[in-house]
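Chain naming follows the written order as A, B, C and D, and within any one chain the residues start at number 1.
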């Protein structure tokens, strides 16, 4: 018998494959294509306190082996989610991780309280890539002190496991990981998208209405694997690795680099069954390589003495 | 319900300069496809290009389980599509989106298309004809030599317009249609085409209080309503008077009066 | 007549297309495939004071639409370059830009002096991605003060135009650009490679002997274009844009984002005539769009009022 | 001199499990190609995969201007190559690298290959045969059913070894060759194959003071000596006793005594 179950900040997952926030909606769109209980956990689109309309179109641009998105955190707001969506989500026998964001530390704190009170949520993923309105729009996640403050506020307002989702748009992602763990994060998710831009040479303007967008997909995978590798050496908490995972073998790179779990993002947009395919790919690798427990792989690429 | 199918290609032929007809076998899709719905295609086996490409369904042959699309070379993806050969496979997700719906009591409909927008209207034409609705087709092209409704709907009542006057009416298809509003009466119209054309038509419909449906285009990610990348503005009761809808899942077909034109 | 000539920190280039350091050797390998005088300028592989052997193999790994390299600045050293290579390079009627690096500020200063004394060099590109041995191996280019110090030292030791080559592995590349310009840089080159990693899931080890490497190629283009866009808004000096330029249209994205010139890197590895093809692609665009001067495009994507 | 050629494909056929023969027309290459040189191929029209793939030249037909390579499916690039069809084009850069050189006075040579390393030795075999050199071929494979020198060099003196004993000598080709050193005398050997095999052969050559040349493999970028990505250690007089050479431009063929084995 092969074991694919992993533990993530106290939650037991039947396998290490999650969905990346924002690429899997609130789950039900994908339930038509495969049985969601095949997943390790479901991570839903980031929620904010108030509903947000997000950015004007175009919000997406294709890039070589990747894509830019500038959805701008469109979401129906916390209250609507709790009232209309959460009850529906409970039907899926799969752990539920809710991603939260805010434009102020207070908003993060409030979101943590609301979501904890809502019940039937297994963990909070804190999207600290959100711009801090008070600090002139600089993303919380790019400044260690600000990142730590957000996580501390969330930590104080929930007894759920807290996962800090880190942005790669920093000089030292391992340094940020260290401070968010000190501030109380039980796990870290990485990476969020890399800031990028595509210009339409006919219109001579950026393709995206928002000008810049977040780069995701296979193009960023080497950046993401490197980030996981570096953070694994810096902190003891589990890592959820993501960035360009298209198939099982990509997920295994992340696990070998140190990820306890992985999340499938852009691949869901290309192929609605991608997350399930990744689960299967990992299972096949374990079988064909005679590995009885997926946990053996976590961080294995670091070797012994390093 | 929609499906992911590795469909066998039966045809992939040039039908006009830069324009191809692709046909593939996909019983999962022919089973339920409706006019106005689209399919989302992978253009090759590698990660470049990464995203699928949306193409409207031009028609289905239910007995033969064939789906037909008409595409135009625009960039990387469509250029790669031209290399697909009969006997090979194309990965298709579909049918997707909400198609056209005929309002109760409508007896006479206008189909108005710009360029390759004619493709989904071919499918609609067949369905309307089956239901005994009187249909007149207005089709605008850049110039003669492009794919025209004359060829695609040979037995239909078709009026052509061209930007350069080389075929039929000299001018925009919306202008041509406007000239006809006085002459004939339509209970309803269905329109597809580039965004500026649909916007012009939207204004016209408002002036003349003409009910109709338009099929919008936007760059897409998932095509199934999950990623929120394909937004367009539609009317809403909130303070701004509008909200974002998803072209892929709430559309691509919208009632003309609900669209907030950019 | 269409003008493709641009001026770059006082050097006149017949067109805006350069070669990216390290991807074009010292030029002669490519002279077999096209006439090097077709280029705007030749930028050679980074030189250090002493010869460097660089990293053990494997030094290269392919990634989706990109590649990692960990050459490790292998080069024959300044003296050998001046004695054996430079005389040969003079034969090509094309401006010559020499890339220099060092592991200490002093080494950068010495390199600047030596190269200036050598003569027949048109500008120095300062590769500040080099690790600072004194600061425990942190790259000079990731810390504003260190970056500025290097550029100041080079500035004091040369009368040649000084081009600072920036790394994208920072939170705020525009901020770095500002300080290097204050320190005396006449132009900035961006981007150098993005740190990345690929893991071999069979060997369960990083593919590269050096573990991490620098990601380049089309995969990083959106990151590079964004960097040029941001830096263009922050500084007044000319920008040399690079990162994933494979053809003319890619180069145009950079120019529209604000680059005065562009450099072709990884594309040379894929296609030895790539740089020449980019020149031709730009010419064709100008012709087909009725643009009489390539300088009109520089920064045009920023629009009027922005 | 080397060239970039969009070469017409004339053959692309499976010759054994996972192993294909690709032939293309490239007069620029047949004109000057030497045994031991390689070609650098693009595996498709998109940016994925990005880099070229190096393949040794198995032979050229000068009159017909054909170049032949033998490749094995390893990963993404070689898998895509299998879809190339006669009549289509493959983008080739070549001929590249330094090939084998016959030392003056050599009369008897051993060709020693592991797996598909046999491909470039086929080309060498022909050239040596033309020059009247006596040649014996030692070829090691994993097991029967794989491409073997018996099939590729039917008129040659060929000895086969297989890891599983299903064909010829049971064991490594290096061991088989070692057994022959006592029995026969060779002035020179030429070897190609996986790195562990060549290393073992290198030790053997040192012990027996056998002169020879080996063709190394390393991951490549440019293939033309510019990017310094394909380094291997060779002996040098500096303090470390070695320096890095470029497999693509200083090799792939090196005198066995110059290689510093990893």
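By our rule, a contact is a pair of C-beta atoms (placed from the backbone, for glycine too) under 8 Å apart; a residue touches a chain by one contact, two chains touch by 3 or more.
This one's a predicted model, so the numbers in the text were calculated from it and none came from an experiment.
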{"item": "Longest centre-to-centre distance from chain A, chain (CA-based)", "value": "D"}
{"item": "For chain B paired with chain D, centre-to-centre distance based on mean C-alpha positions, whole Å", "value": "55"}
{"item": "Whole-Å gap separating chain A and chain C, where each centre is the average of the chain's CA atoms", "value": "33"}
{"item": "Centre-to-centre distance between chain D and chain A (centres being mean Cα positions), rounded to whole Å", "value": "46"}
{"item": "Approximate Å spacing (C-alpha centroids) for the pair chain A, chain B", "value": "36"}
{"item": "Interface hub residues of chain D, defined as touching at least two other chains", "value": "47-49"}
{"item": "For chain A, residues contacting two or more additional chains", "value": "64-66, 217-218"}
{"item": "Topology of the chain contact graph, where touching chains are joined (line, ring, star, complete, other)", "value": "complete"}
{"item": "Interface residues, chain C side, partner chain B - complex", "value": "64-65"}
{"item": "Chain C partner contacts - residues on chain B that touch it in the complex", "value": "47-48"}
{"item": "Interface residues, chain C side, partner chain A - complex", "value": "63-66, 68, 142-143, 169-172, 194-199, 201, 204-206, 211-213, 215, 217-223, 225-226, 229, 244, 249, 252-253, 256-257, 285, 297, 300-301, 303"}
{"item": "Parts of chain A lying in touch with chain B, wherever the complex brings them together", "value": "22-25, 29-30, 32-33, 45, 53-54, 56-62, 64-67, 69, 71, 74, 217-218, 246, 266, 268-273"}
{"item": "Partner chain A, residues of chain B touching it in the complex", "value": "1-2, 4, 42, 47-52, 93, 218-222, 224-232, 240, 243-244, 249"}
